[in-house]
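Below you'll find a set of structures to go through.
Shared between the two complexes below is chain A, which has chain B as its partner in the first and chain C in the second.
Moving on to the complex of A and B:
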C-alpha cells in the first residue's frame, strides 16, 4: 500500500547495495526543483487512457449512470489475471506455491486496461495531469473530469455507510474501492459503523438471547417427543 | 504451461523473491495490520525483526563509511541509501509505537493470561511488567494505601465486573480477501454471510474477521 509508483528504467542501480535489492526496472531519481521535470526524468508512467477525456467520461458514465451504487470493478487479482507480459508470471507461481502475495496487489500497479480502475492509478493520474503539459487533450478538461471521478467515488464511499442504517447484517462489501480512497474515508466509515453498532448493541443482545431461548425451547420439545409425552 | 512454469518446477529458486524484499513486505503487512487491528496481534515469528535490525545496523555503518567519500557518484548513492534507511526506520518505529500504545492502554489485560502474554515479544513483556509495577507502586504511595486493603487491587473482579479494561473486539475493520472464502459476520438485526472472492474488500467486526486473518484467508487494510 505504500508502494504506489511504477518506475521505468533509465539508469540501473545494480551497483548499490541496499537493504532490499532494487529490481532492475527501478530507475534512479533525479534531483530537481522542477517537479514536472522530475516526473518526466524519473519516468513515472501515467496510463495513457487515464489522461484521455473519452475514457474518463466513459468511466464517469459507468460510475454514475450504469451502476450508481457499486464501484467500477478492480483490476483482476494476480491469480486470475491474464498475464500480458511474461515477466509478471512469477506472481502467479508464488500464489500457487502458497507464498504470500505482495502487500500491494501487483495488478494494481502494472495492468493498464481501460475501465479497470484503481485509485493508485487515479491518484497518479491526477498528479500527472497537474504537472504535464504534453497531454492528448486540453489539460483543463482532463483535470475537471478527473476531479469529477474522484468526487463521485468519494461520495459513493460515504453513501455506502447508509447500508448500515437499518442495522443490517454486519457485513458490507466495498469491492473496487482503492487503498487511498479508503485511507481518506476510513475515519468516517468506521465511525459510522461502530456508532451504529453501539446504538444497536442492546437490540442485538436481546435478539441473541431470544434466539438462544428459542433454540433451547426447540430442544426441550424434541426431548419431550422422544420421551413420548 | 509455458517456459516459466517448467523452469519453476525444475528450479524452485527461479524468480524467487529475495529474502530482503520478503522481509520488507512482511514488515509492511505487519505494520498495516497492527495499525488497523483493535487488539494486539502476535509478534512476528521467524526472526523477522532480528534480520531487519541487523540490516539497518549494517546499513548505518555503510552510510558512515560513505560519508567520508567526496566522489559525486558516491554522494548520489548515499542519498538513495539514506532515503531507504529512513523508510525502514520509519516502518519499524511506527510499528513498535502502535504496539506500545496498545500495551499501554490495556497492560493488565495483556498480562492476564498466558495466551495473551505470548503475543508480546520479550522486550515488550519486560516493558509491560515493569511499567505496570511502577504504576502500581505509584498509585499505592499516592492514594491506594489510604484505601481499605480489600479495595487496593487494580484487577478486582468482584460483583461480576472486571476492573481490567479490554480492547473492543466488536469494532469494525476493513479486510481484503486473499482467497475465495465464505465470510460470516454477526450483525445487529441478523447475521450475514457472503461468498467472498479473492481481492474483495469487506467491512466487518474484528471478532468475525480475526479467524480469516489468522488463517491467512484475508489481510487487514
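Moving on to the complex of A and C:
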C-alpha cells in the first residue's frame, strides 16, 4: 500500500521524473510529497510530529486514558493520502507549476496529522530518533515516549486474548493496528486460540454427548405420551 | 496430531492411580510381591495408555459385563487441591511441578472422566497464564532495555529477572506458547534494527 512521506533526494534525480508525474524538477535538498514506495534512493524524512513530545504524549494519552480499548486511527486511505490525486486541493496547482511547497513552521509541525499512526511511521520515527541531531526535544525523552507507545499498543494486542475466557467473546477491532504489530503477535495469538480450542474440544464433546443423551430421553418420553402411556 | 508427536507419547506415559477390580495370577511383582497373584482392590499407578485400555475394556463375561479390569481416579496433578489452587490464582501454581505435560494430561482426563468443572477451570487458567507468558516473552532478551549491548543478546530460551520463578513453572504447552510469543517480538525487534542500520 502506498503511503505519503516527505523525502529529500540524495542527489539530482532527473530520471525519477518519468516515474513521478507531477513532481517539479528535483534538486537536492528540495522536499516534496510523494509515494514512499517509489523512493528507494532518497532519505525519508521523519514526520516532525512523530518526533515531538507533545504530539507523542497526546497519542499516548488517547491510547491509555481516552480510549483504552481501541487503537489510534490509521492514516487515511491512499486516494486521500496522496495530495496530487485529489483535484480540489490548492497545493496541487502549486506543485504542478514547479513552486516549492509552503515553508513549514517548526512550532506548528507537531500538529500536522498527529494521532494517525502506523507501525511504518513508528519504525521511521525510531530511525529518525536514532539519527537526527536537530530534534525539537531531547532524544532520550522522545525515545522513551515512543517506547511507551509501542509497549502500550503491544499490551492492548496481548490483552485481546483474555476475551477467550468466556464463550463467544473473541472479537476485537484491529483497525489502526500496523502490519508489523500484527506479525509480532500473530504466533502468540494463534497459539492461544489453538490451546483454548484443544481444551474446549473435549468439553464440547462431553456437552454434545450429554445433549444427545438428553434429547433421546425426551424423544422417548414424547413417544410414550403419544401412545397414551 | 502426529503419530510420532513426542509430547503426545510422553503424555500417554504419565501415570494415573488405578484400582484392580479382580485377582490376576502372577502379576504380584507389580505390587512388590513376586510369585503371588495380584489381589483385587490393589492400587497401582499405571501409564495412561494402559489404564485407558484396561478401564474401557470389559471382561467379556456374561455375569460381569459392566465390570472392567481396573477403575481409575484423577491423578494428583489434576486433583481437587490443584483445581482449587488454580481457581484462586492461576498464576501462582507452578504447573510443571504437577506434571510437565499438565494440559495434555488434563484434557485426556477430561475425555475419560465426566468432570464438568475441570474444563472451565483449565480454560481460564490457560488464558490468564497466556497473558502473563506474553508479557515475560516480550521482556526476556531486553526488548525494553534502552541502551543495547550484550545484555540484549539473550538466547531464544533464555530466562532471567523477576519472572524466572513463573517461567520455570510452565508446562510444555505453555513453553511452546512462550517460544512463539518470544520469536514474534524478537523478529519484530530485528526488523526494526535492520531499518535503523539501512
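By definition in this document, the second predicted complex is superposed on the first by the 120 of 229 C-alpha atoms of A that agree within 3 Å, B and C clash if a C-alpha of one lies under 4 Å from a C-alpha of the other, contacts with A are read in each partner's own complex, and residues count from 1 in each chain.
Rule of thumb we're sticking to: a contact is a pair of C-beta atoms (placed from the backbone, for glycine too) under 8 Å apart; a residue touches a chain by one contact, two chains touch by 3 or more.
These numbers were taken from a predicted model, which means no experiment stands behind them.
In the superposition on chain A, contact is made by A:196 with both chain B and chain C.
Once chain A of one complex is fitted onto chain A of the other, the partner contacts of A:144 are limited to chain C, with no touch recorded for chain B. Put simply, more of the residues of chain A are touched by B, taking chain B and chain C as the two choices. In the overlay built on the shared chain, the residue A:206 is in contact with chain C alone; chain B does not reach it.
Using the contact criterion defined above for the overlaid structures, shared-chain residue A:175 touches chain B, although it does not reach chain C. Shared-chain residue A:186: touches chain B and chain C both.
Common to the chain B-facing and chain C-facing surfaces of chain A are residues 186, 190, 196, 200-201, 203. Interface residues of chain C, counted against chain A in their complex, comprise 103, 106-107, 110-111, 114, 116, 119-120, 122-124, 126-128, 130-131, 134-135, 137-138, 144, 146, 173, 176-177, 180-181, 183-185, 187-188, 191-192, 195-196.
Considering their complex, residues 1-2, 13, 15-21, 28-29, 31, 74, 76-77, 79-80, 86, 89-90, 93-94, 97, 99-103, 105, 166-177, 179, 182, 186, 189-190, 193-194, 196-197, 200-201, 203-204, 207 of chain A touch chain B. Chain B contributes residues 2, 4-5, 8, 12, 15, 17-18, 20-21, 23-26, 28-29, 32, 55-56, 59, 62, 76-77, 79-81, 84-85, 88, 170-174, 178, 183, 185-194, 196-205, 208, 216, 221 to its touches with chain A in the complex. If you check the complex, the residues on chain A that touch chain C are 123-124, 126-127, 130, 143-144, 147, 151, 154-155, 158-159, 161-162, 164-165, 180-181, 183-188, 190-192, 195-196, 198-203, 205-206.
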